[in-house]
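Sharing a structure here in structure tokens format.
We just call them A, B, C, D and E in the order they show up, numbering each chain from 1.
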Amino acid sequence: MHADERKEAETIIRASGVNVRKCMKCGKCSATCPNFDEMDIHPHRFVSMVEEGDIFALMQSKSLWRCLSCFACVERCPRGVEPANLIEAVRLEVIRPLAGNRLRPEAIPALLDEKIPQQLIVSAFRKYSK
Amino acid sequence: MMLKLSIEKMGELFQRLAEGRKLYLPLDRGGQVDFGPWTPEAKVRLDRLKTIKSAKDFFFPQTENIVSFKRQGKDISIIENRDAEEPFVVFGVRGCDARSLDVLDRVFLCDPVDSFYKARRENGVVVSMACSEPEETCFCSIFGIDAADPQGDVVTYIIGDFLYWDERTDKGRALTETVKSLFSDASGDSSLVERSRGEIRDIVSRLPLCSLSLEGFDGSALKEKFGSPLWSELSQACVGCGTCTYVCPTCQCYDIQDFDTGHGIRRFRCWDSCMYSDFTLMAHGNPRKSQVERFRQRFMHKLIYFPANNDGMYSCVGCGRCVAKCPISMNITKVIKALGVEVNV
Amino acid sequence: MRRVRDMMRSRAGELLKDGAVTRVLGWKSGEFYYDPTPSFFDTEESLDELVYNGFSAAMLSKYLIEATKKEGRVLVFLKPCDTYSFNHLLKEHKVDREKTYVIGVGCGGMLDIEKLRALGVKGIESMEELGENLVIHTLYGDKKFARGDVLLEKCATCKGLEHKASDELAVPDELWEWETSDRFARVSELEGMTSGERFAFWRGELSRCIRCNACRNACPVCSCNKCVFDNPRSGVIAKANADTFEENMFHIIRAFHVAGRCTDCGECSRVCPQNIPLHLLNRKFIKDINAFYGEYQSGESVDGKSPLTEFRTGDVEPGIVHERGGA
Amino acid sequence: MQKIGVFVCWCGSNIAATVDVEAVAQASLSEPGVVFSTNYQYMCSEGGQSAIRNAIAEHGLTGIVVCACSPRMHEATFRKTAAVAGLNPYMVEIANIREQCSWIHRDKEEGTKKAIILARAAVAKLNRNVPLIAGESQVIKRALVIGGGIAGIQTALDVADAGYEVDIVEKTPTIGGKMAMLDKTFPTLDCAACILTPKMVDASAHEKISLFTYSEVESVSGFVGNFTVNIRKKARGVNSDLCTGCGVCIEKCPSKKAKSEFNQGLCNRSAIYIPFAQAIPNVPVIDRESCIKFQTGKCGVCEKVCTAKAIDYAQEDEIITRQYGAIVLATGFKPISLESYDEFQYNQCPDVITSLEFERICNAAGPTKGKVLRPSDHEPPKTVVFVQCVGSRATVECGKTYCSKICCMYTAKHAMLLREKYPDTEVYVFYIDVRTPGKSFDEFYRRAVEEYGVHYIKGMVGKVAEEDGRLIVQGSDLIADKQVIIEADMVVLAAAIEPDPTARSLGTMFTASMDTNDFFTEAHPKLRPVESPTAGIYLSGLCQGPKDIPDTVAQAGAAASKVIGLLSKDKLVGNPCVAACNEPLCNGCSTCELVCPYGAITYEEHLVVDHGVRETRRVSCVNEAICQGCGACTVTCPSGAMDLKGFTNLQIMAEVDAICR
Amino acid sequence: MPINEEGAAFKPLIVAFCCNWCSYAGADLAGSSRLNYPVNVKVIRVPCSCRVNPLFILRAFQRGADGVIMCGCHPGDCHYTSGNYFARRRMALLFSMLDYLGIERGRTRVEWVSAAEGAKFANTMNQFAETISALGECRRLEDIRCVESEI
């Protein structure tokens, strides 16, 4: 594994607080996922890829932006692994280094509509610097 | 003859006093003031009236070796193991503590003489010091002690920026000889000293506990006091610790114990407290089974038994240490008040 | 505090009058303002002597051991910290709950006469507690202190003002509240020292011990009928500290015997005539227990096992002592 | 003062080569209490032993120290030698100068020095020894088995066949337990009832077995060999002695709305009922909750139709007190509640069922007479999905961390049975792993796949939703890396199993320790798997951990053999090295009780006389028959009231002193 | 290696409390396997590690021990099911307290040694003796009355 990639994996594990080793590979996360078909890499593979340190592929995956952050997988996982938190952490790793990730407060109301779940708003705010 | 010394030169005095003998005086020990051996680094604290423990420790220490036994095979030999005798000075003893030695003398120097105590008494010189700011816990005056003019081999006063030194006994004179060169003559200051004494006595007369009356506390009242129903109420809060006994300058009870060092037996004596449940424990148990009885014993001893056997001398000197240190604030003054009132009624 | 005292007197009077209790355990006024003594009151008239002020620190819980062996019900006034000890005594079957009636009394922090003396107060004639201030009239003039500066150590690091046991409360609204500091701060500070520094610190402290047993006898947890150190057949009897080993021995074993049981009431340090910070030994055990086995404070409740009477299979190994940092 | 003899063994050259045995014997003569010492080539030989016996007689020794090999080797030998010579066997101490001295050191001077110190320590300890007498207690030759499932029945039968009386206490109205509810058994597919019911009959007919059904253990006291148990016989409302089991009452009972417990609530039963046709005893029970007579006072149909006059509405619970030498816990299991598993819609859809419900549906005596029909519309399902590991292997709160062990096999069985009976039914099994260790187990599972065409999908089900009478099952197929949607008619959940909830209170009652999952723990996980740490308490079946029928029966037999071993003794000789409480020192604080792993400590109000002070107070009491002598209590006791005989505080400290001298 | 006043190599006195069922048997196995460990390691047999009272440990230091080690069955293997779990908590707290009082932390140790681990027993004792040798004589927790030259 590339040294940068390993470091990335460590950062993601630390930032997410997820213990990937707890995964017993039952597939409940993928079974639960409401947006499974939209994904190229599925939730259960997310966990094993982070475990294996296969991070760059994840960072480039379509799935990263297809996850709804509904946390169904977190809710259902019998071992308390929390795959969605991993996805969150990977997203942060992708977004943070990008330039122009600044969100002006006055731009926010325009981005909101009534149907956006609160969970999503909070998640979105977390991803942007102030 | 009255001598004086600028207090700035006290360090030199202590240095001189400590030459060829031990000098004990009130020191700062972890924020507490207690007697301890003087060293050039020691922080001397003459400003605090009361040391935690009294000067008794130097004449009757908390533990003291008596003798040792050694076993070799099936043989036992007896080995002298007394602590070495050495001259010492106790400096800064207040009037109450100075008087306490009279009480201890009554106990240890009467027949049979306690040779350990006697040796220390002979080797020790008492340099007392008049009290400058008596505290509310003091009640020495009711025992006829004059805080302004304590007894001792040498009596000292701190007045203004000077230490006044007044030798009183042969021992005191001998000690004075060794330090005389530091002092200057102060015969002319006697009125100053007398005035200072007057100020102290005036404060003493205003102390709350000095109005206590000892009327009725004598041998003739033994049965009446012993049988008083008030003891149970007075003792109910007593936790049975030995604080009062161990800070007391006149308590003199001890236990003798053997310690197996693995190579032999060390026989030593150590203070004991009549407040303890195992005090005077015998095969059949403790003669005083309840805390009421133990509590009563302590105060009956100080206020009735001791004076009855010692020409009216109470074995309390009113130093007030127990008043200040009792965890539950029960003490001899409350006892005197309660039992005395009963007599008056 | 005066409000509390008035509430105490009136409730005690009512309960004595209607026969709900036969005795009242409280504090009786002394010679000076600062020396109230724990005392039993059995008539309404005697309650005139019931006091409650900044010097009513002496804990009453332990007196219930003997008091509840007698006939009748005892009304006892417990400060918040005293209720922990009360619960502990219930847990160890030392006190009969049925024979007690607990009034939880509000506490404005207890004051330290030793601190005042160290600040040069002598010849006390009277005192006044005025809100956050303490005014002392002495033979040598008046002095004024901020209450917060002269609190007992145990109160400066108070565990909280909630009563963990009571049948009713006497807590007025306007009681003075104070800022408390971390009770483990001093322990952490010691932990941060080198082994040699710690040794020197404890030598300095423990060498002052005169073995008066005040710490043990005032301790609500040390309620053995006969202490191992008083028992000639225990093999470890010691009436005096003959040397440094015995100074250590007594305090280590005493702390160990109360480990997991200590309610952190602070009485040991309060009553020590030599002002040895004995609570730092007990708090070390509490701190370790919290770190090793999860938060636990003895006396918070009557039920449940204490950390030394239970275990988990995954507990830390004793090697943790070597592995963790520090010297 | 003791008169001690020290005997130093050469052990040929084993000791003598590295230790100057003569010097050891000489040196120990100067120790306190030692009046005699000698050395001998082989102390354990007849010659050595007779030298010991002679010296005891000649010198009037009160105790002996043997400096020889490890006490684990010959302590018992020398204790016997001492006993023969009239000395109390516990006045013997061994100084281990072989394994812990001569064999680990090369230098003879050093070795000798150490041997002298070890001998000195043994002498120092012996000086504080007192004669100990082992207590004896009677063994009551009757066993109690709690739980009347296959585990309890098997244990009872084995113990009874050995000639000892056995009582079975079963809380439900019939024995048989969970096995009676099963249809077929894996991997042989023989019918559960066919193999179980004969055993049930055997148990009820056995002259040594008494059945207490519809009964529960109320309380227990005593200890190994001598337990006293109060059993609550709940009121049946039917006199068992008079009832002929004709069943007319059941037929005529107008209240038929109660859910059948035996059939997992899938059909109803009458208020007066027997759980199933082969129930033993064949005596009905009145369920007072649903009985019209009990609820309204009117009805009494059963009483009217009973020609045997067996109906007795006034019957009350009865407490029976019996004594037992041994107790077997066989309390079994139950499937976990699936209430918090919303994703499977168990509570919402009647066609989502548990495996145990499925057993009933398959069973010819079940609610559907053996036809597999959907509970909702009684139509045969065309597609059935099985989900494994529901609640097993889960670390989140509602689940169980362990593997329930039996689900893989019974699911394969269910799938196979379904395919066999209804070949046109599609069967899917979602699994995480298929675990088949066991004789013919993997073959059985492979048959389901290969011969019966059951679709095994590696993955889990994430969601079940009802849509137009069908169940939309959304799951993952990890091999294909796909999410699969199956339109099913029925979903069967393999719910985790957990110990029966009554185990917890029994565990407390019997001080039988339990793990965090409420399974009883064994005295040793490998070497004493059917004994509880508490002496006289044995474990049979699932109450100790998940297991299938063969394992359960095997364990039941093992428990029975342990019980027989105990009951075959007339008396139990205890270990005298047990804890003892010095009452005047005891505070009654209960700390010792909390750390005792055997429940040997109780509290009693005693009159304590200490040096003339008399007080009646709570003190701790050690039951010597139960105490095993670990010493946990002695250290937890702050006052030093608790001490351990044979290893007292003073003895151990004397050893420390002697070693460090 | 530290040298004492007489110039002899310092041989630390080590007291080992061993439970009867595992560690004492492990020590026996070390012996029957002829494994060497320092002569000044002296074993005291107790039924279970939970029998080890802190008093015994302090007593050993009082009487001149330089190190004290407690050995018991591995967690989970206690002959009495749970004794070593209690012992583990007690010793963790006691050792932490000794450390807190400034007693060198290397002087106390707990090791789980099974009846089959003769080699582990010997290795443990060798290592422990090395650690104690480096620390030198125990001065901070000794009772001067018990020093041989004293009476």
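By definition in this document, a contact is a pair of C-beta atoms (placed from the backbone, for glycine too) under 8 Å apart; a residue touches a chain by one contact, two chains touch by 3 or more.
In this text, all values refer to a predicted model and were calculated from it rather than measured experimentally.
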Ask   = What's the overlap between the neighbours of chain A and those of chain E?
value = D
Task = With chain D gone and nothing shifted, sort the other chains into their touching clusters.
result = A | B, C, E
Message = By that same contact rule, can you tell me which chains touch chain C and chain D alike?
response = B, E
Remark   = Chain centres computed over CA atoms; the one at greatest distance from chain A is chain B
Request  = Just give me the whole-number Å value for how far the CA centre of chain A lies from that of chain C.
outcome  = 53
Task = Report the inter-chain centroid distance for chain A and chain D in whole angstrom, where each centroid is the mean of the CA atoms.
result = 47
Task = Give, as an integer number of Å, the spacing between the C-alpha centres of chain C and chain B.
result = 30
Message = Between chain B and chain D, what distance separates the C-alpha centroids? Give it in angstrom.
response = 68
Ask   = What residues in chain E touch two or more of the other chains?
value = 54-55, 59, 63-64, 76, 82, 86, 90, 143, 145-146
Query = Which parts of chain B, given as residue numbers and ranges, touch two or more other chains?
reply = 259, 262-263
Note = Within chain A, the set of residues that touch 2 or more other chains is none
Inquiry  = On the basis of the stated criterion, which chains touch which? Give every pair.
reply    = A-D, B-C, B-D, B-E, C-D, C-E, D-E
Of all residues in chain E, those that touch chain D in their complex = 13, 15, 20, 24-25, 27-32, 34-37, 39-40, 42-48, 50-56, 59-60, 63-65, 76-77, 79-83, 86, 90, 122, 146
Chain D contact footprint on chain A (complex, rising order) = 22, 24-33, 36-37, 42, 44-45, 72, 76-80
Request  = Report the residues of chain C in contact with chain E in the complex, numbered from low to high.
outcome  = 187, 190-191, 195-203, 228, 236, 242-246, 248-249, 252-253, 255-256, 259, 281, 284-285, 288-289, 292-293, 307-309, 311-313, 315-322
Note = Contacts from chain D onto chain C in the complex sit at residues 584-591, 594-595, 603, 610, 618, 636, 638-640, 649-650, 653
Query = Tell me, which parts of chain C touch chain B in their complex?
reply = 30-32, 34-40, 58, 62-63, 113, 117-118, 122-125, 138-140, 204-205, 208, 210-214, 216-218, 226, 230-232, 237, 239-242, 267, 270-271, 273-275
